[in-house]
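Next come two complexes built around chain A: one with chain B, the other with chain C.
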Partner chain A sequence: MKKRNLNAIYHSPLPVEVVALPPLVPHNPISVAYYVYQLVFVPFLWGFKRRRRLTAYLELYTDSVSSYVSSIAVDSYEDMQELWKAGFFGKGTQSRSDPTWALRTAKRLQEASGETEIVAPEEVTARRRAARKRFKNARALAEQGVLSNPADSEKVEANEEPRRQKPTRVEDLALRDSEGNVRQLEKLQLTFQEAFFLAYALDIIDIYDDRTGDLVTVPYLLGLLMPDWSPDNSFIVNYVVYHHYRSHGWCVRNGVKFGVDYLLYRRGPPFSHAEFGVIVIPLYSNESKNQLMRRDWYWSSGVNRVVGGVKKTMVLCYVKVPDCIDKWHTVEELLKMYEVREVVLRRWIPSRNRD
Partner chain B sequence: MDDLDNDYDNVPVAPGHGEHENAESDDEQQDWRMLATIGSDKKSLPKRGEKEYEPTGSASDRNNVDESRQAMYTALNGERQHTSKVHISGIWYPHLRKAKVLVARGPHFKSIGKADSSGTIWLLPEEVIYLVERGSMSLYNARGDLKISLQACYAACLGACQGHERYLVYAYLKRLGFIVQRATSFDESGEEQVVQKPDSCRIGRLWKFLLQKFDSFCTGLRRAIAKQIPSFGPIICGGVWRSYDSIYRELQIIPFYSHRGSHVTPKSTVAPFKVAYNVWKPRPSFKKSNPGEPDFRVVVVNAQKDKMPTLAQAGALLSTLPACHDSTSTSQERLREGYKNVIIGVVDYGIISFMTLGDVSFGDEHIYERHTANNRLSKYHSTKKR
Partner chain C sequence: MVDNDAADLISISFIDGEYFVFDIEAVKRLRNHHHVAGILVGTLPQVPQQSTFLGLPVQLMPEEAALLVQRGVARIIDEGSSHEVILAVDENDIDEATAKLKINELESTGSESQGQLVSFTTPAISTANRIALSESSVAAVYDTPRFDVYKYLHKRGYFISPGLRFGSQFLAYPGDPLRYHSHYLVRGLGYGEEFSLLELVGSGRLGTGVKKAWMVGGHVPDDDQHKLAALDSSKIIESEGDESIEDFVSFCVEWAGFG
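After this line comes the complex of A and B, so read on.
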């Protein structure tokens, strides 16, 4: 398998373009001139250029009493790719994480004979599992003494897994458009925190109401996401944590599969496993309320075993909740009313910490 | 029995596990067949066996298990003996809640007991139970005419140990070979004394402050030029950004608890979230009179009675501890272990589970800075891919 150059594919940690200043060599006049040009004129030229904006659609669910946001998703292929490649935002609705459904489907429909380049992480997993299964079967047979010659096991394996030729299904025909390309049926679903971060903090995404087609402005979006305006609203508390880790360079992704609120990747899922699992705990000014909300040791032990079993460290992230969030002029002021403090919790094994 | 403790040192470490080693399970199956090969020569005890993965159900597998079990029975049938050369005897004084040692012999006194001005060695109640329980000591009543049984020893001493849980943790760590001593905050009233090192890096802080001022000045300028100061953002306005570092610095608006530059005043802790024991790794150079900084500090809680601490309780506990990392540690180490940490022994019906509680601050670690440094980035990359 050809190793892809991950640094080239995922070169920027956030979907914002950066123009670095060239290195300055003081005794070289050309270098100085170029530096001045970059420093002074490029920002001037950029003043006329509009930043490329991405588009997302918001789906509102309305019942008799109120309406609330049911999902926020991006459906243009280019926007999905940009959001994934620069910062690993969102999740493909038909994929494990990276929106690869179109690629995988195109490959399946091609009925490619022989090995093609591996594109999707789902495929890497599937191949690894198949190889492991073959190995286990062969080993089990060898253990039972059925086969003594390893060459025989190769034969058995070849018999067991013949190369299947998949027939084209009728429903597959509908997957192609008139030009024979695979239709883009997948969307990239964003968590509310991700959507708010992209819309408010980075200002690179425009969110439209799915039904009316109206632009959802940041104040309106904030009103939709935290309708009750209570200081410990789960959206705002989680957003504070999300923003905190994003702003310190971590790639933050949902951690529900590991029993935590967020996973922290140093760079992103293709580079390495997540190092930390974050649990968000609101912290009130009223200490007796904090006392009531204390968890027991069984809970912490459970989460710790799950998180520790996949070599991550459990982080308890306390968010100090203000008593009242009525007085603010900017969202920045609102967010600054909250404060975070972290504590790590790890299992400690005496016999392994003695030397 | 001390040999058994030392024997753990020889357990081979699987390659590539290094730092994660202590996060793994220690509940491995013991292969008792090792005992069978020892026979009468008891000088060296066995090493821990390999973990046998995925039993296949074959005849050889069953045979292995049977052999191992038989070896365990044989080992348990062996006669257990103590030498009189290192036997200790002492007298329990209930009103002092201490035991006076009459004959101090053996290696235990390197780390156990405390001598008074006249040279008499006194033992604390948990030390007494521990020694009597392992058969190293005979305990007598105050008149010195009656030998106290183990049961009576428990009855007499346990009340002075500040709870059964604390004794269980003490004995467990002692049996594993650690050196365990009471911390000053062991009693309800005692407080841990910590020498806080003054922060020496003033120029660095001043420089950082100036940089921050310059950054905020640039932002103001940028916003004035962009003519957009709306209430609802954005933080990252349009225009040219020179590096991701500057974008990240701009995004950092959430206040966080920082460990840099702030002087922590120790707060008063409340039971059970007080350091009960100071623990040192086994070392031959250990001196009772000058033990040095402990390797670990252990808090003992009861899983049935006590829940997890609130941040205020945990913060008070952590405020009494000294920082444990020097300047050479990596950000990964600091984030995994915490700037300071304490071990919590959670006792539930006699089963002990240890956890470390570490004080960290992700905001103090500028991990984003590597995105601009290309050489460091490639170095990081090559180490991550194994």
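After this line comes the complex of A and C, so read on.
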């Protein structure tokens, strides 16, 4: 099994290219000229050949009263790969995280490929589970004393490795296109915060309305994502937190699987486990409203146990919500009205934390 | 306050907002006949680390006390005001000899009516002189979602203990906690009360991680019962006797861990 070079695959922390400017020596006219050239012309020239903009599609759900964004997804394979490899954005709709459905399907449809390179986290899990199952079976047999009889143990060995005959399923035929390649049926779904970050903060993605095909501009997108325009709208409060940690260099991913709002990875999921589980709590200037939103000890104890059980630290992220926001604020002005502060909460047991 | 039935009533001491049982016989009765285990909270002087093995008194949850009172098997003794009554008696008796006599008298009457109980509480205080609270003192618990789910499970023979360490309101054991691990992390909700999906995910995950299931349930108000009946007739639980639980919906959540 070949170990992949993670640093080479995931070399960029965000899907942007950074150009280092040359040193500027003010009294040297050549240096100044070169500096200006690098500063002004190179980005301008690169604007055409540099990276193409990514494309995402926004799906609206409309009822009699208003429209809601139901999903924002990327369906081009190149864009999906780019978003995943640089910054770990989104989630494959057919995969656990990394959009590897096509790869896995191609592998599955191939005849007995044997030991191949592991490319998807699903495969790592499957392999680990299979190994665990073998171990458990062996242990159970050992406990029964079956292994003490050599004749039986040979029989067990024989049973351990059944050659799996892959049945050809009718529905598998539809997975290939006319050239025999696996069709790309998977999309990369972005959370609203991710999509807005890519569109507003990084400005590298174009989001189109799925039905009309119109380009959704950033202010219009914001209006769609927070239709009520209230200061404590869950989108804006979560976006403030998302933007905050992305700005500090963390890889921020949704933490719903651990019962928290966000997970913070130092570099990204392939490198290490998330270190922190972030819970977003809006903080109002009106104290009685804070009391109303108060959560109980059961909640705190439960979340802390889940997060602590997977060796993460629970971060309570308080977002100070302004009293009112107006539609004519720019996004930047809007974000400046919010304040973020963190509190770490840890379960502490005297007898277990002594050493 | 003492009448004939009262001798059979279990006295639950109400001290500073908490409910305690000091009498070992009462504790046995609660455990064997009413499957209420409670939590031992008293320290044992002879056990050096006073954290794992604990002794009397047994502390009861408000729901346990309320259920026992509602069923007429226990009464709540307000120890705070009882204590003041005793003190008032002592202050009036300036003469030490008469005070001692009084105490002896109290002890003897105590041992006649509820002998063993006296010896486990302060010897000077007899039950006769203590102030029992009426049912209304625990009635505040009756209409809470916590009490609904507590009663629902208790009626089905579960032993129930506090569940804070698992992030839930209760833990439900299929039998005596000394014999069984708990099966459910229990969360009582009002019918139609909203809770976040994050809580569902987190609790489901936590429950499965400790080989339990997260149970959420609520009492169905009368006007919604026909809706429920239309949904699934098996979910209506038939009323039994005088118990007031006719209808309760509960669900269990477990973490499947696909992928």
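Convention: the second predicted complex is superposed on the first by the 305 of 355 C-alpha atoms of A that agree within 3 Å, B and C clash if a C-alpha of one lies under 4 Å from a C-alpha of the other, contacts with A are read in each partner's own complex, and residues count from 1 in each chain.
As a working rule, a residue touches a chain if its C-beta (ideal position, glycine included) is under 8 Å from a C-beta of that chain, and two chains touch if they have at least 3 such contacts.
None of these values were measured; they are calculated from a predicted model.
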Problem - Greater residue coverage of chain A in the superposed arrangement, chain B or chain C - result: B
Practice task
Please indicate which partner A:Val306 is in contact with in the superposed arrangement: first for chain B, second for chain C, both, or neither.
Solution key: second
Handout entry: Which superposed partner A:Arg96 touches (first chain B, second chain C, both, neither)
Key = second
Practice task
Check the residue A:Gly180 against both partner chains and state whether it touches chain B (first), chain C (second), both, or neither.
Solution key: neither
Handout entry: Partner chain(s) touched by A:Val260 [first = chain B, second = chain C, both, neither]
Key = second
Practice task
Look at A:Tyr298 in the shared chain and tell me whether it touches chain B only, chain C only, both, or neither; answer first, second, both or neither.
Solution key: both
Handout entry: chain B versus chain C as contact partner of A:Gly213, first or second or both or neither
Key = neither
Practice task
Once the structures are superposed on A, label A:Arg354 by its partner contacts, choosing first (chain B), second (chain C), both or neither.
Solution key: first
Practice task
Could you list which residues of chain A make contact with chain B in one structure and with chain C in the other?
Solution key: 297-301, 304, 351
Practice task
Spell out the part of chain A that touches chain C in their complex, as residue ranges.
Solution key: 95-96, 122, 125, 256-261, 297-306, 309, 351
Handout entry: Of chain A, residues touching chain B in the complex
Key = 6-7, 12-14, 16-21, 42-43, 46-47, 50-51, 139-140, 143-145, 200-203, 217-219, 222, 240, 243-250, 264, 266, 271-272, 275-276, 281, 283, 287, 290-291, 294-301, 304, 308, 311, 313, 315, 318, 329-332, 335-336, 338-355
Practice task
Enumerate the contact residues on chain B facing chain A in the complex.
Solution key: 8-9, 20-24, 26, 56, 58, 60, 172-173, 176-178, 230-244, 247-248, 251-257, 281-282, 296, 301, 303, 306-312, 314-315, 318, 332, 335-338, 341, 343, 346, 348, 353-363, 365-369, 371-372, 377-378, 381, 384
Completion exercise
Listed in rising order, the residues of chain C that touch chain A in the complex are 51, 163-169, 187, 197-199, 201-203, 205-206, 209, 259
